[in-house]
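Notes for the one structure printed next.
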Amino acid sequence: MSAPAKANYGWTREQMAQRVAADIQDGAYVNLGIGIPELVAQYVPAGREVIFQTENGLLGMGPAPMAGKEDPELINAGKKAVTAIAGASYFHHADSFVMIRGGHIDICVLGAMQVSAKGDLANWSTGEPDAIPAVGGAMDLVAGVKKVFVITEHATKSGEPKIVEQCTYPLTGKAVVDRVYTNLAIIDITPEGPVVMELAPGVTFDHVQKRTGTNLSLRTNS
Amino acid sequence: MSAPAKANYGWTREQMAQRVAADIQDGAYVNLGIGIPELVAQYVPAGREVIFQTENGLLGMGPAPMAGKEDPELINAGKKAVTAIAGASYFHHADSFVMIRGGHIDICVLGAMQVSAKGDLANWSTGEPDAIPAVGGAMDLVAGVKKVFVITEHATKSGEPKIVEQCTYPLTGKAVVDRVYTNLAIIDITPEGPVVMELAPGVTFDHVQKRTGTNLSLRTNS
Amino acid sequence: MIDKRAVSAAAAVADVHDGATIMISGFGEAGSPIELIHALVDCGAKNLTVVSNNTGSGRVGLAALIANRQVAKMICSYPRSANSMVFPELYRKGEIKLELVPQGTLAERIRAGGAGIPAFYTATSVGTVLANGKESRTFGERDYVMEHGLIADFALVKAEKADRHGNLIYNKTARNFGPIMCTAAKVAIVQVKEIVEAGELDPEEIVTPGIFVNRLVIVAKPAQESQLVKEDRSYP
Amino acid sequence: MIDKRAVSAAAAVADVHDGATIMISGFGEAGSPIELIHALVDCGAKNLTVVSNNTGSGRVGLAALIANRQVAKMICSYPRSANSMVFPELYRKGEIKLELVPQGTLAERIRAGGAGIPAFYTATSVGTVLANGKESRTFGERDYVMEHGLIADFALVKAEKADRHGNLIYNKTARNFGPIMCTAAKVAIVQVKEIVEAGELDPEEIVTPGIFVNRLVIVAKPAQESQLVKEDRSYP
């Protein structure tokens, strides 16, 4: 477990992952996407037991093995070496997607290229002509999992907003995102649009709104 | 293994079962229906290995256990105690019907109430108003198995033909029967209609035709 | 900490409500969760739709549930087994409904329900009365009927062993409908002979991963239906 | 006597014909039957349609088959993994076709093919470009697309152990697509580390019953794709 590094402002990736982990209830079945989402597994709060599924056929995924103990036949969806916890089980791909498509996974945590005001998600393709399209399990996850959490930097490296009115990249799914965790804020996608539920320390609502491509509202404690 | 009893004329049930068994190739995967078809397992010719599937979740069904060795959780589709051979496997019902519906079983051997000239089979319901309809796996078997063999007395106890122009009982499947083994003859269902391939010893074609509700032809050795 | 053990069979089925759809595992007596069914008899929920391959035998287990007039409708493939008299009697009197489904279609509908598949096509039953009223369609050169996925509010399932996560293994042909029913029910309630520590079941060998199981009840020595019928027992 | 052992990998794939559809197991390198794929490179069959989750890495295994210009079309969910360069290069040049399928839909299409189900409905991909041209339909309040079962002429699969009947067990997450591909191919060819006597595999533990397996090849010490790539090996 690496110590969260200090960011210039807002949350670090590790802090974002911690915030996601804090919102995962005891006993939940969770699928983590490749990239930042993988960090979430490190921050399950003490006293909670969370079971991680990886769609390539393992329920009860544990942390990475110690160096030298990797098994090329025990990997996660990102094709990295993992371990299996006590109480794990292996299954084939069709059974794995029974879990996913059938609505048995409580939460999936995914990265994003764009999220729209209505919860549309784009995270699989830039749609550029020379890109090699590759979708993996992303469309199955957003269609089948009970709650879809997105964890992402609030804007791209060049400063383009990732939370937008309409996605311009090809969609992974329509109206599928429940909550977005960024370095600046936690935002729920509600029937009334995106609502900022919490701001990172030192970050103002205006600061977030300026870096967002759609109108946000702020949660009112009523 | 019981010794075949002698019939007045034609084949006994045991001889019918023997004839069916003789037509099952080495290495075949076979599902046997309840009743006379169950006898077939006893007559696999020496030197051949046939694997029996029972749709309630066992591939590699062996003979009945010795008295006192019955396990109520090791039964066949007729709910009788069976054994499992070396090389057997257990699986759940959906996987069992992957084998059946998916065309992986080579042969099924079923009883019949009626078989039509076109190979329609009726073997699950009399269609009478007070009958309790019960279909089990019969419709799945005839729809999915590569070859459907019927083993049946040629006529009912009251002398009604069971091989008919059109079935009057509700169908199990349309144009599904490949071959019928009766106490009088072996009859192939061909695009040109039912063809007697072999007559039981001492039985004439006319004798069979008189007890049949549709026109038969006799195989010509051309 | 995940621990799916219920304090008793009664507690495990206590929230089964009137009008619920219940899947009950078993092929004949093999895999039939008699003790859970008897708890459901005690619970008294009525107007149930029951999905099970058969309708029970004698006056115990599923037959007792039907005899107690808790079942409005059966969805099954083979409602008349040896020693089955309760269902036939009520059915002839028009006091219970029957949806007859070919066995493989029943299994696939349950699997589809658990897999988030609302409908699929099968050649089974084409050209028969069981295809009446069903949408049909040609793929390639063959005709198929459309069948719908089945889901249930609860499943009552018998397995052999579990761990506290709800991972299950079964015994021989008692496996039958259990694994798919666990996937297709909102609440899967499973009776097992034994609950072992997490990690004691080989992860390669687990048939039902715990994600599909909600409640576990230990019945160390389950009754065998055929034995109860032979003794002419009835429940309650 | 049933004995599914082939004399060699070469003999096992000798009848793969030009234009065949081949399913190849594996998720990345885990479960990828490298030695069988290399035998297929030697066999030289061309104009193949390959169904596999990825497109291989480096210039060995599936990537070698593609590099050898034997594959006309890939049906897969994720054609660009780390170290995958052969497929991207040919794809950009328009020299290989791609049918991109969401991973769960790919798995379910294969399972449906093996199960005799010509088509089914899924919510996966609804509202995306991957649903373009697909029939859609509403069940309840939700939209679904229709997807078709997939079958193949041959499957090349890696498992852990077999018996002479073809019963199989797998190793950890190398199981992935193997079991369903065995069901969906007319001829399933499986490489295993070891073949044991019938009866040595626990019947409760067998993942692929022998009915789905046609040919067995022993590869006692299979190569690991990542190791070959690290060594910059290529095949042939």
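Going by the order they are written in, the chains are A, B, C and D; count residues from 1 in each one.
Rule of thumb we're sticking to: contacts are C-beta pairs under 8 Å (C-beta built on N, C-alpha and C of every residue); 3 or more make two chains touch, one makes a residue touch a chain.
These figures come from a predicted structure and were not determined experimentally.
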Number of hops, subunit C to subunit D, where each hop joins two touching chains: 1
B-C compared against B-D, more contacting pairs: B-C
Subunit A and subunit D, separation of their C-alpha mean positions in angstrom: 29
Inter-centroid spacing, subunit C versus subunit A (mean Cα positions, whole Å): 36
Overlap residues in subunit A, where contacts from two or more other chains coincide: 84, 90-91, 97, 101, 143-144
Subunit C, residues touching no fewer than two other chains: 108, 111, 115-117, 122-123, 170-172, 203-204, 207
Chain contact graph, described as a line, ring, star, complete graph or other shape: other
Full enumeration of touching chain pairs: A-C, A-D, B-C, B-D, C-D
Residue ranges of subunit B touching subunit D (in the complex, touch as defined): 26-27, 29, 49, 51, 53, 59-60, 84-91, 97-99, 101-105, 143-144
Partner subunit A, residues of subunit C touching it in the complex: 1-2, 111, 113-117, 163-165, 167, 183, 197-199, 201, 203-204, 206, 209-212
Interfacial residue positions of subunit D with respect to subunit A in the complex: 27-31, 53, 77-82, 87-88, 91-92, 98, 100-108, 110-111, 122-130, 170-180, 207, 224, 226
Partner subunit D, residues of subunit A touching it in the complex: 54-58, 71-75, 79, 84, 90-94, 96-97, 100-101, 120, 130, 132-140, 143-144, 170-174
Residue numbers on subunit D that touch subunit C, as the complex places them: 108, 112, 115-123, 139-140, 142, 144, 148, 169-172, 202, 204-205, 207
